[in-house]
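Everything on this sheet refers to the single structure shown next.
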Amino acid sequence: MSGNSFGLLYCVTSFGESHGPAYGGVVDGCPPGLELTNQDLQKELDRRKPGSSRHVTQRRESDTVEILSGVFEGRTTGTAIGFLVRNEDQRSSDYSAIAQKFRPGHADYTYFQKYGVRDARGGGRASARETLVRVAAGAIAKKWLRERYGVRVRGYLSQLGPHPIAFKTWDAVDANPFFAADPQVVQKLEKFMDALRDSGDSCGARVNVIAQGVPPGWGEPVYGRLDADIAAAMMSINAVKGVEIGAGFGAITQKGSEHGDEMTPQGFVSNNNGGVLGGISTGQDITVSIALKPTSSIRLPRRTIDTKGQPATIATTGRHDPCVGIRATPIAEAMLACVLMDQALRHRAQCADVATPLKLDNPSKIN
Amino acid sequence: MSGNSFGLLYCVTSFGESHGPAYGGVVDGCPPGLELTNQDLQKELDRRKPGSSRHVTQRRESDTVEILSGVFEGRTTGTAIGFLVRNEDQRSSDYSAIAQKFRPGHADYTYFQKYGVRDARGGGRASARETLVRVAAGAIAKKWLRERYGVRVRGYLSQLGPHPIAFKTWDAVDANPFFAADPQVVQKLEKFMDALRDSGDSCGARVNVIAQGVPPGWGEPVYGRLDADIAAAMMSINAVKGVEIGAGFGAITQKGSEHGDEMTPQGFVSNNNGGVLGGISTGQDITVSIALKPTSSIRLPRRTIDTKGQPATIATTGRHDPCVGIRATPIAEAMLACVLMDQALRHRAQCADVATPLKLDNPSKIN
Amino acid sequence: MSGNSFGLLYCVTSFGESHGPAYGGVVDGCPPGLELTNQDLQKELDRRKPGSSRHVTQRRESDTVEILSGVFEGRTTGTAIGFLVRNEDQRSSDYSAIAQKFRPGHADYTYFQKYGVRDARGGGRASARETLVRVAAGAIAKKWLRERYGVRVRGYLSQLGPHPIAFKTWDAVDANPFFAADPQVVQKLEKFMDALRDSGDSCGARVNVIAQGVPPGWGEPVYGRLDADIAAAMMSINAVKGVEIGAGFGAITQKGSEHGDEMTPQGFVSNNNGGVLGGISTGQDITVSIALKPTSSIRLPRRTIDTKGQPATIATTGRHDPCVGIRATPIAEAMLACVLMDQALRHRAQCADVATPLKLDNPSKIN
Amino acid sequence: MSGNSFGLLYCVTSFGESHGPAYGGVVDGCPPGLELTNQDLQKELDRRKPGSSRHVTQRRESDTVEILSGVFEGRTTGTAIGFLVRNEDQRSSDYSAIAQKFRPGHADYTYFQKYGVRDARGGGRASARETLVRVAAGAIAKKWLRERYGVRVRGYLSQLGPHPIAFKTWDAVDANPFFAADPQVVQKLEKFMDALRDSGDSCGARVNVIAQGVPPGWGEPVYGRLDADIAAAMMSINAVKGVEIGAGFGAITQKGSEHGDEMTPQGFVSNNNGGVLGGISTGQDITVSIALKPTSSIRLPRRTIDTKGQPATIATTGRHDPCVGIRATPIAEAMLACVLMDQALRHRAQCADVATPLKLDNPSKIN
């Protein structure tokens, strides 16, 4: 399997560039019989799409998706689901000023060094626009997980630059442009973003994603662990530099007597492990947190080199997200959903005949 | 590819349990012509093996490795390299007291729920003893990377419980039982560990791993990214709960003008990205940091349930590492080496005909 | 990797159904820098497309292909190549008479039993129209193999029903609607086909495919053999029931003294092995032969059952190829080309540093 | 996945060389709870082992297998099953005379050209001794298929050189050294083999393998087809040059009205398709037939070249099977069983929630 596919049984393949004619994907391995329409994908794509507030890129894309195969009379058939999103607002001219210069912190340098090809138009394949393919694939996974196993995958922005954002209520998340779970904090974030945008700079962010209702047993030791797959899926998102499960880096300073989640017949007393032990789900909430670096395309002038290796100064004036983390919530949700669906299928392949021996009273519940 | 294998072209397959007759592995895809002896594997296994100081498990294992195939007249042939390590010191009796109880924070609960099988002997397949397979496979990768590309992969313990450990010198790392890169700190760590052991508790740790000399261009966008593979490989190590590349979680509070590594004709001015941009190596040092949770097997009594779901109290008195992070350095090095070798092979498969366009003056150097 | 993808490094993913909106594919792993246009794919698709003579299905499809990604300024970039072919002539009404009945020898029964979904329109995913994806992917592989290694992949129809067709000249192959390599035989084949069509029946066929110029060393023992990959690729083509390499089934009655190809410093004296020994290419011509069964959709009435399991009689009057083997030549060429390209990339990944020890005088040559 | 592994979910990895210390394998993905002992593997290995009659190689190997992991208290645990067979009778001296010469029709030439390494001892990795790994893995698959789904996989020698061997009774197969299903023919075969051996030559063979009891629905269109996997698995067996399913090459001269298997509510009327339509099992017997070439190591002198490319004459006097096809029956059974088990697991991963819509009266039965 080459680099543009992921997943063993729920397998997603992606293609497309920021300034080419279209993005698209193929989802292979989806069970037959799932009700599915363009609208199921569209509603998730709309959460991610550009131009939805002044705090994200102003590129105008409707991101209209068309399912091309794998669905018949409103239900999946079990064959490959192909889908397509045409690009509509490619302004390659935006890039003429920087066509021969590398943006510090951007992948344009490494693509050039790897492939020997210079495609400056919007980052080409490295553009975060590729994540729409993930969101579409994740929409199918979310739906199947919810209908088949009662699993719900949700996320929220938990930090914007220096501002931590508390979790208050899921209801708030889709009611503000930041995916913040605290309605009180929105005004502060807007002020921060307005000032940041004016400054010509960008900032990092943290996103938390949670899966509720996952039964115990998903995940394949020892390398195909659920948490290993989650780590890869999250780190493959543009701009992600760190991944934590459960207590994450906080576990370093914990004692074993504090970290190890005690159990009672009612269930686990705590969830430091984030719902995964030995790479296998425990039945608790799967809790994941990721760090996103600040956008590399900024207006402030910076030292760089050009494609001839000569010194240059660069300032990027195209349409860019001042914080890529803001739109990352639906993307991270999608990746977690795809991983869970893949592992659900893998688990029932091998262990379909195993009756889970123990039923605890308080498995992870959807609140 | 099922869960006990990893790597696309440099593919490692592992088997064995803590109290079974042996561990072993198969390394597939190694290029022919590499000089290789049992001793090349043994010297890395000896860095990881138990009983080497009072701060780790006192289980007595020589961890003697035998290469069974793939090497002829001292050189790899290009065919699968099989190797075997017999277990020597299995005291299953240690486990009789806890045979029917789950250890809080241990994988014995999830294995039972997944497979419906109870194997209490030393954690069975979930035991960290499995990491010897990784270390053996990593020894081959390290050697090939060094000889073929001048790449060097090294690590050190950067935090032990509450004690951060500065990087002072590589020379110190193998001269103390902690893999600390600061000789001054060893006495403090020993005192800390002695007290911890006496208390019957355990602690977490942080390990940093660095690869130097990696050329630009390794890594496959967009899902087969170098950093995604690293994240999976690290998270698949027992007890790891977090992975960072470069600035990691620190990137959240950085501005873009601070994070984006400027470039000059001499090279990058900083390395916030940890040597990876867009999933492809930049030519700088690859810098990785991981969080390890405290050992779950501790002497302090804890609430748990038994295999019937009834409440119980457990205290683990077998031979265990009070900090699994201490022996994690060679394991993390091995995983990084395996990932790099796999991506090196993948890169030259696709891009063998690309001449890297730019040569900067200060690529990552081995100091 | 799920069922709609094949290839490890040159990886092809396919989607689409006969009566859905479109077919498409993603080719991942193609090296950068290859000159590539829609026309490169189109010219191979035109060889396979329906309606090109009275001897094949009269469905009217232009099979116009659009490359959507992976190509910039006329050259491949190294990223995923997505392409799309819209269906134009779906007459679902053709199928109303047989919507609830299974065609003997057709996959509609097994798809129904596997997925529990009944899509009678033109065979849905099981339609041989899917092979256009293979032909498009194969066009890229053919071009790269030719330009990079001087490898040429060609095929011809070697038997039509009871009529064996001798190989006379490659020049004839594209000059008649049968891909026959003997211009003298065409009139006889036309008469045979006209009578067959009138009779309402169908017939089988044999196609030979040959790759010339393949260097020694491609193929991965012991399961990833070149010939094993070829066998899978050929058997995955609709209607194929047998695959031979070299002497094939003729090897059963050969003696070892007859079969084993002797060697001289000039090269091999014969080619019973079909260019593959131990799963690795020898440097001779790769020779493959496949058997295609007669089309299952025929006008003659046959006993069958319906979707309720009740007895029924069926006669298929839609537009079908009376011999699917006639259009199979470009498909078989495409599959062989994809396998060879995949193995070429795999070989240079592992063995890039091996200098082929022996150069024989007469490797397989393009005549 | 590299070349020494096969299977997506029931994944077999193999290592070992003819004159190295041992062969071994790892079976990953086996469901937990299957009763399994060394003896289950041994009884199949004993059917394949050398020295069992004067008609096969006289190398003396007990082929004693040891399971090293994945089994606890007599049942599989769901983790990787490692196993080992030590070589006992390596006479490398047998090869000194031919150490620098290639055997016509042998893989020693292609291995040398691929890897640049010369290992003349018994063919090294190319030796058919590797097939013991397949037989061991197949023993597990056979057992699981039989116990879980009532599937039975069996084979027999259907042609020895010029002598076709009719199928009379399964009872005969293990009662003669040829795996002939006709007890009357054994004496004729013995005479033929005695004369062949005296002549210093070798011969080809045909083996038929049949799986009974396979339910409809196994197999993944369009590339991951059941028959494509079978074709690859069979062609990967040493010396195999052709694979047929069902009518195979006979389908070329069949009419559609003859080939297409009619159906009644009781089931299929015939089985030209060999139990597979569109890559998915029909519920009928899976019928496979393979062609094996004559052994390349013969006593008769032949023209060849040496490792310097100089002309030479070679006559092979080591211990070799005069017909590798004789011992191929258990190997082909094993490969078919592994493929079926893999596809069974893949099917239930995706389609666990599909109730097979139709139950026919006479599915494939074990007679």
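Labels A, B, C and D are assigned to the chains in the order they are written; within every chain, residues are numbered from 1.
Rule of thumb we're sticking to: a contact is a pair of C-beta atoms (placed from the backbone, for glycine too) under 8 Å apart; a residue touches a chain by one contact, two chains touch by 3 or more.
A quick note: this is a predicted structure, and the numbers were derived from the prediction, not measured.
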Taking contact as defined at the start, I'd like the list of chains shared as neighbours by subunit A and subunit D.
B, C
Using C-alpha centres only, name the chain that sits farthest from subunit B.
C
Can you work out the whole-Å distance between the CA centroids of subunit B and subunit D?
38
Mind checking the centre-to-centre distance between subunit B and subunit C? Centres are C-alpha means, answer in whole Å.
45
Can you check how far apart subunit A and subunit B are, centre to centre, with Cα atoms defining each centre and the answer in Å?
26
Set of subunit B residues in contact with two or more other chains:
1-5, 8-9, 14, 29, 32-33, 78-79, 114-116, 125, 221, 346, 351, 354
Between the chains shown, work out who touches whom and classify the graph as line, ring, star, complete or other.
complete
The residues of subunit B that touch subunit A in their complex are 1-6, 8, 12, 14, 102-107, 109-116, 125-126, 130, 159, 161-162, 201-206, 216-225, 227-236, 238, 241-265, 269, 272-274, 276-283, 291-296, 298, 300, 302-305, 307, 309-311, 346-347, 351, 354-360
Which stretch or stretches of subunit B touch subunit D in the complex?
1-5, 7-11, 13-17, 20-24, 26, 28-29, 32-33, 66, 68-70, 72, 75, 77-82, 84, 114-117, 119, 124-125
Which of the residues in subunit A end up touching subunit D in this complex?
8-9, 29-33, 78-79, 148, 221, 345-346, 348-354
